[in-house]
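In the two assemblies presented below, chain A is common to both, partnered first by chain B and then by chain C.
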Partner chain A sequence: MRIEQHPILEFDRKEKITFFFNGQEMEGYASETIVAALHAAGVKELGKSPELHRPRGLFCAIGNCSSCLMVVDGQPNVRACVVKIKPGMQVELQSGKGDLK
Partner chain B sequence: MINVEILIVGGGPAGLCAANAAADLGASVLICERDEIPGGQLVKQTHKFFGSRKQYAGDRGIAIGDFLLDEVINDPKIEVMPDTTVIGIYEDGLVLAERSEEIIKINPRKIIIATGAAEKFLTFPGNDLPGIYGAGAVQTLMNVAGVIPGERVLMVGAGNIGLIVSYQLAQAGVETAAVIEGAPTIGGYLVHASKIQRLGIPVRTGYTIKEAYGDGKVEGAVICRLDAAWNMIEGSEEDIKCDTICLAVGLTPLTELCWQAGCEMAFIRELSGHVPLIDKYLQTTNPKIYVAGDVSGVEEASSAMVEGRLAGYSAACSLGYGLDTAPSLQAGAMAELDELRAGPMSDRIRQGVEKVEKMVTKGGV
Partner chain C sequence: MLINTGIPTKEDLAKVDPSAERLAQGPVAIVECFQEIPCNPCVDACKRNAINIEGDINGLPIVDFEKCNGCGVCIAHCPGLAIFVIDKTYSESHAVVRLPYEFVPLPEKGQLACALNRAGEELGNFEVVRVISGGAKNKTTTIWLAVPQDLAMEVRSIKAPNSAPNIQNSAPGLQSSPTDTLICRCEDITLDEIRRVIADGYRTIDEIKRVTRAGMGPCQGRTCRQLIAQELSRHFGIPMEEVLMSTFRPPVKPVKLGSFVKGGDL
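What follows is the complex of A and B.
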């Protein structure tokens, strides 16, 4: 969920854009990272771990820990917490280490 | 290849102040900042800072960040490169940075590392479930992106960060089920604890998290009491329903670049991890490299700013700038640091700094 009213902060979200999550159309704002836009839509699972296939989510949100790796426009291992959404972007859950096409 | 006199890695309070100080003495400076917006931890802090007026205490963290950034942006001797991560410092002094998947080569004469700190993690069953976040991540989501992390949070850790982030969650309209703390007393300042207790958020000392559970994401946690030796007391388990668990269990210096550059390092518990050995001018054992801020010991924004200035003066002076004025400016910054660290809340930091000093005068680890 997005914060609409805050006692101190104002959020300049910029324009609304559409992107795709596992093929499904989603809305977000141009100022948002992939993780922020997914979170706002209630999506917390971003991929599965390589060995035990356990669900993986966000941890640090600043590009430090690699917990948020996703496949973006066909490219695996993108840190979804620091990359912004773009119109038409294809974001997918990543399973394991990802494959290079 | 970019040639520059002083490269600053990290645009938090330490890096920004270092840039200002070095440019004031006449050096040309490049700041590489990994994030889109420089300011480090400050850009996420909605509360008024504690400390002394000289380091802007009383202002909100975000305002301090804006102010420091303005000074830097308006200085023609300083260039700021946001979205740029420094990834390597080589033996011959060459530095590589990454910006939008492009590799940039930088050839600096001096480097000030001001990379801050990384969050610590805790081990417990289920600790990898989506919905378990570092306190910094919760702040980034909530205060930068304007997105709430969940509906109901269990906060682990009652140091200043745990207390402040619980208050920030309330500002964003998110419920905190409880703040739990393993130690018998809270670690943070009483003002922050009272603020959240007034909101009715329970702060429970002597408790830890035993387990997190949920199908695909966090649905709850089991907490339990600890005895004096930090062992879990059987039978004291309690179930807490929550969709988010926020870990605020401390930070550790982010020192990869110091290791890479061959700086001599030592584990100093009081400074929260491995830190580079430095002299009083903040120069490491690699004469090309200075450090400032949390990277040389997790402390506060106030001391990070003063260390930044000191490192900036020292690096500029080593290149021949401000030879007449630098010594008194350096002495002034050192006195300010002593003053900041004089109180009883700084006992630990003081002990840590003294340990480093001793190791350095003995000539190594």
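What follows is the complex of A and C.
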């Protein structure tokens, strides 16, 4: 879901681009963060929590908490709520604290 | 209390309301601003210098009701939507409340709108007599609502047309337990675990951090610190200000180790 009409803000979404979520091709707008694009596509689970392995979704949405840490282009612990999507970006669910390969 | 309910009390309002004599003279601005925060667009918005702030920028605005002519420019300039203009001279039976409105769809002139008080309670349907767009830069709309004279000091908002009925605070059947409630999201520490260590005798945020790891994850306590302080405050019956805060150290946000070596993007 995207907000189409807002009383105060204007959205300059920019062009449509393609990225990948767990290998699956997804569309989003160039102005969107990874999480915004995933939410619009219906993906709300962003990873599993490190100890209890519970599904994690968006929590603070401003880069404060650690709820949206994802693996982006092979790099773990990327705050997906504040990083914008790029064409061809590979976004993956992160389980636990992430590994550096 | 305002700080707990978000609704100003009679005593709060008595500090900002103009006199009955001034209200009888014509439109006048009322700034229902009660929180000392660094904010002052209202001061610059007023071309008649009728709004001033006491002391530094954190001070509360004070309206000089003799200088104010009720033009209403300040209404759309207040980011907190706290300014209203009341015109008790509109007609014998009705007063006009000019209020800021930031929802879509906008009501139209001549339509009836459901008036709300400061607590969000419905006060009846009244006529919208004017709708003023804030312009391209400042999009806050000012709505003029003609309300019965005795409601002029009560009506402070309108309900969006065709809006959904009031949403209940929690979904029915949804219950949380201390074993399900997460306090530290980074380390998966539940409220139950925090309560257990407090019962064991740990009494500061730093002690709890060292024994549970709450606050040692990627967010560095930004989410759990306040929640643990709240729990300590409740357990020991002390105000939040008296809970000993943990030590703050840089970096304030996660930084890649490589950035320390090579520099570059965080």
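Everything below uses one rule, namely that the second predicted complex is superposed on the first by the 101 of 101 C-alpha atoms of A that agree within 3 Å, B and C clash if a C-alpha of one lies under 4 Å from a C-alpha of the other, contacts with A are read in each partner's own complex, and residues count from 1 in each chain.
Here is the rule we use: contacts are C-beta pairs under 8 Å (C-beta built on N, C-alpha and C of every residue); 3 or more make two chains touch, one makes a residue touch a chain.
What you see is a predicted model; the values in this text were computed from it and never measured.
Enquirer: Please work out whether A:59 is in contact with chain B alone, chain C alone, both, or neither, and reply first, second, both or neither.
Expert: Touch status of A:59: both partners.
Enquirer: Is A:13 touching the first partner chain B, the second partner chain C, both, or neither of them?
Expert: A:13: touches chain B, not chain C.
Enquirer: Can A:95 be said to touch chain B (first), chain C (second), both, or neither?
Expert: A:95: touches no partner chain.
Enquirer: Touching A:49, do we find chain B (first), chain C (second), both, or neither?
Expert: A:49 sits against chain B and chain C alike.
Enquirer: A:3 contacts which: chain B (first), chain C (second), both, neither?
Expert: The answer is first: A:3 touches chain B but not chain C.
Enquirer: Of chain B and chain C, which one touches more of chain A's residues?
Expert: Counting residues of chain A touched by each partner, the higher count goes to B.
Enquirer: Share the list of chain A residues that count as touching for chain B in one structure and for chain C in the other.
Expert: Touching chain B and chain C on chain A: residues 5-8, 49, 54, 56, 59-60, 63-64.
Enquirer: Quick check: in the complex, which residue numbers of chain A touch chain C?
Expert: Residues in contact with chain C: 5-8, 49-52, 54, 56, 59-60, 63-67, 69, 77, 79.
Enquirer: Once bound in the complex, which stretches of chain B touch chain A?
Expert: Of all residues in chain B, those touching chain A are 34-35, 46, 60, 62, 85, 118-119, 128-134, 136-137, 140-143, 145-149, 171-173, 216-217, 254.
Enquirer: Applying the document's contact rule, which stretches of chain C touch chain A when the two form their complex?
Expert: Against chain A, the touching part of chain C is residues 101-104, 106, 139-141, 185-188, 217-219, 222-223, 253-254.
Enquirer: Show me the residue ranges of chain A that touch chain B in the complex, using the header's touch definition.
Expert: 1-3, 5-9, 11, 13, 31-33, 35-36, 39-40, 44-46, 49, 54-64, 81
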